[in-house]
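Below is one structure, written out as structure tokens; comments come after it.
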């Protein structure tokens, strides 16, 4: 064994000189002033998000207080609440009510479908199956949104696979009866609220499964056993133990399903009736009508609704499950 | 729920979970069948016959290639910007506890937490107010903004698992700040950044809602598809494009999952 | 002669917390120096001040006569073995050890050769190709040691390096570190909360409490002649005797200490000595530890194996040599 490699040379200095050039100076400076380093790291992202994003949100808010000159179609850049007043016209209130109702129904259905998947993934899936479940939820989540909508256009088309399936099962009468109902019915599923509803549920479902699964993962398994040990039926165990514990997860998931439904304008445009949702109204106002102020005022509606929703969700402790 | 090992699920639960997963996956698989149908005028099921001719037809469509090229360029530049901004932000947030740290996290997550239409119309009205004309860069501006969060989420998760004493160890051994970043920090977060970059690319490549407000007359691939969805003109070509889009977005997601499979989860709730 | 490390009135405050408070300290070159104290006593902060991870709020630090305040860690010829070893998981063992040489610009062949030699020195020859994750705790510790030593530091800092090891391994490593230090002649500064470790390894020990140094001295000094009640109690659990008690035996009204093994326990119920009652006894193998109650004063005594033991509750008479009663500096 040789000690040569590690025995120190007696003459070696205890403090080494600064390495030459700009790098040495800069490196020492940033080490001595950690606040400066932090500032340098934070400045680019904060400037970007602050100017591009927050700036745009303020521009949006500002626009909503402008109005449009009804004769020239030009935007009048003067402060007014007139545009907000326009929101309360019957047709616009109709749009808001329709959208909120749809969002609520979609959220409810997503929760019902998501629960068994999340429950199975959290409680029974192990090892390889767990990974498979995870991918099974992540892949549809990350798949192309438009392709998913397109797939349902194929499925719900009058000549599509669903009609064919009902026919093969000799259940065409059931489909026809449903389509002849007012409001939910229509010429075919792809031009009915039922179709819009199905596609919304499909597209947002993964956003519900993940938080519910995360909430259920945190429930100790022995709690469920304790409940059945104490003589509770499976139904009682679900009602009194599982559901309350999963509730923060469901609320967290509902933030996504609710908010995403409120803001979407593509799904009802492609699959649905000609009656508008908030998103479509925004799109139409800024595009063909050129009425950016009214479009801006319309987007404030989902922001306000989501504000109340988040406030309620926070009180239920839903943010821990995100 | 760790104590249920070995216990098997009730049949009804298995059935419900399996049906739910089928509901999630079958529609996407259907796209693959339609890409080969011989029918051009409708969405008829079952397909009257199968053919691979639409792949050749699509291949020779310049509008599809233009849209694809725009989408790839936008996604690449947006991913690059998101990588830089997301890494800086996550490093700052993980490195020190400073006043307003929570606000920074919130600011990063906000563009994806609010519905896309709000981000879209906000950018649109900002462009209108400041008289910025639509261009390649207005699309990138929007995309990079909401892509930052996926890079940020992945990098923050990795920083959390990386021991802080490693940076001290590197400095103790004589490496200055730049050398420490180059030889210790970067290799440790590289796979997380790669995964975040993949997801950011997939997110940007697929984005349509914000893009409709920032693109003007330009067509990205999703916008091309959207036009076809609203006014179907070339159903077979759309079918093929849809299938290609599924495959193109699938690969980065699987790769990102592979890169981060032990420990961090890919930040799905960030989408 | 220049000190290896010298603190002059060094303080490090975190807000209102005085982690290190006006500490004076001189560590001689080639010394094996231990900083001993309970957690939160400031010993680790002192180590980090030497390494350069912390900067003093006040006072001056010099290393081999050179002022160190404001000098970043990477420009100090001082290396640290971290408590959690802090090996780089993305590098193999050889590249971990060669890291310091690599960032200094030493060529690949040369630095790998030096790293191999350092690994041989810590008795891990041929382990260079492995990943840190494939090593046991003891092996990782040796790699951390080699990684620091290969830089030929003027001072080696060790932060609780044996804390994560099990007892047997810890004893082996104590001896190894000691002989390594002797062979290399490098100044070792060693932080520990284990008084046995400090006493058995160090040339000199500094006992820390509440950000201050209570006493500095050789292990014998610290053990036999604690200067304060804290030191007496923390290092080897001496009996702390109140001034009134001490005055009866020494004539001086001061705090005193008495080692448990200095007390003889007699079974006589009367005679010369301190009357006491046995409260409990605790069998430790080579010795038995008795807890005694002398009229309200709690005392410990160590009885070597082979001597018959009194029963709990029995009245006994305690005696000791007066010269073994140590008078402490701490004022009454």
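What to note about this one:
For clarity, chains are labelled A, B and C in written order, and residue numbers in each chain start from 1.
To be clear about the criterion, contacts are C-beta pairs under 8 Å (C-beta built on N, C-alpha and C of every residue); 3 or more make two chains touch, one makes a residue touch a chain.
Predicted model, so just to flag it, every value in this text is computed and none were measured.
Two chains share more touching C-beta pairs than any other pair, namely A-B.
Using the mean of the Cα atoms as each chain's centre, the chain most removed from chain B is C.
If each chain is reduced to the centroid of its CA atoms, chain A and chain B end up 14 Å from each other. Distance between chain B and chain C, defined via averaged C-alpha coordinates, is recorded as 54 Å.
Residues of chain B in contact with two or more other chains: 174, 176. Shared interface positions of chain A, i.e. residues touching 2 or more other chains, are given as 16, 27-28, 31. Counting only residues that touch two or more partner chains, chain C has 72, 74-75, 78. Within the complex, the chain B residues that touch chain C are 163, 165-166, 168-176, 179, 183-184, 187-188. Residue ranges of chain C in contact with chain A, taken from their complex: 63-68, 70-72, 74-78, 113-114, 117-118, 120-121, 149-150, 152-155, 183-186. Residues 16, 19, 23-24, 26-28, 30-31, 34, 37-38, 41-42, 44-46, 48-50, 52-57, 59-60, 62-63, 113-114, 116-117, 119-124, 126, 131, 133-155, 157, 159-161, 163-164, 202, 205-207, 209-211, 216-217, 219-222, 224-225, 234, 256, 259-260, 262-266, 269-270, 279, 282-283, 286, 292, 295-296, 299, 302-303, 306, 322 of chain A are the ones touching chain B in the complex.
The touching residues of chain A, counted against chain C in their complex, run 1-9, 12-18, 27-28, 31-32. Residues of chain B touching chain A in their complex: 1-5, 7-10, 13-14, 16-17, 20-21, 23-25, 27-28, 30-31, 34, 42-46, 81, 84-86, 88-89, 91-92, 95-96, 98, 104, 107-108, 110-111, 113-119, 121-126, 128-130, 141, 144-145, 148, 174, 176-178, 199, 202, 206, 208-209, 212-213, 222, 225-226, 229-230, 238, 242, 245-246, 249-250, 253-254, 257, 261, 265-266, 268-269, 271.
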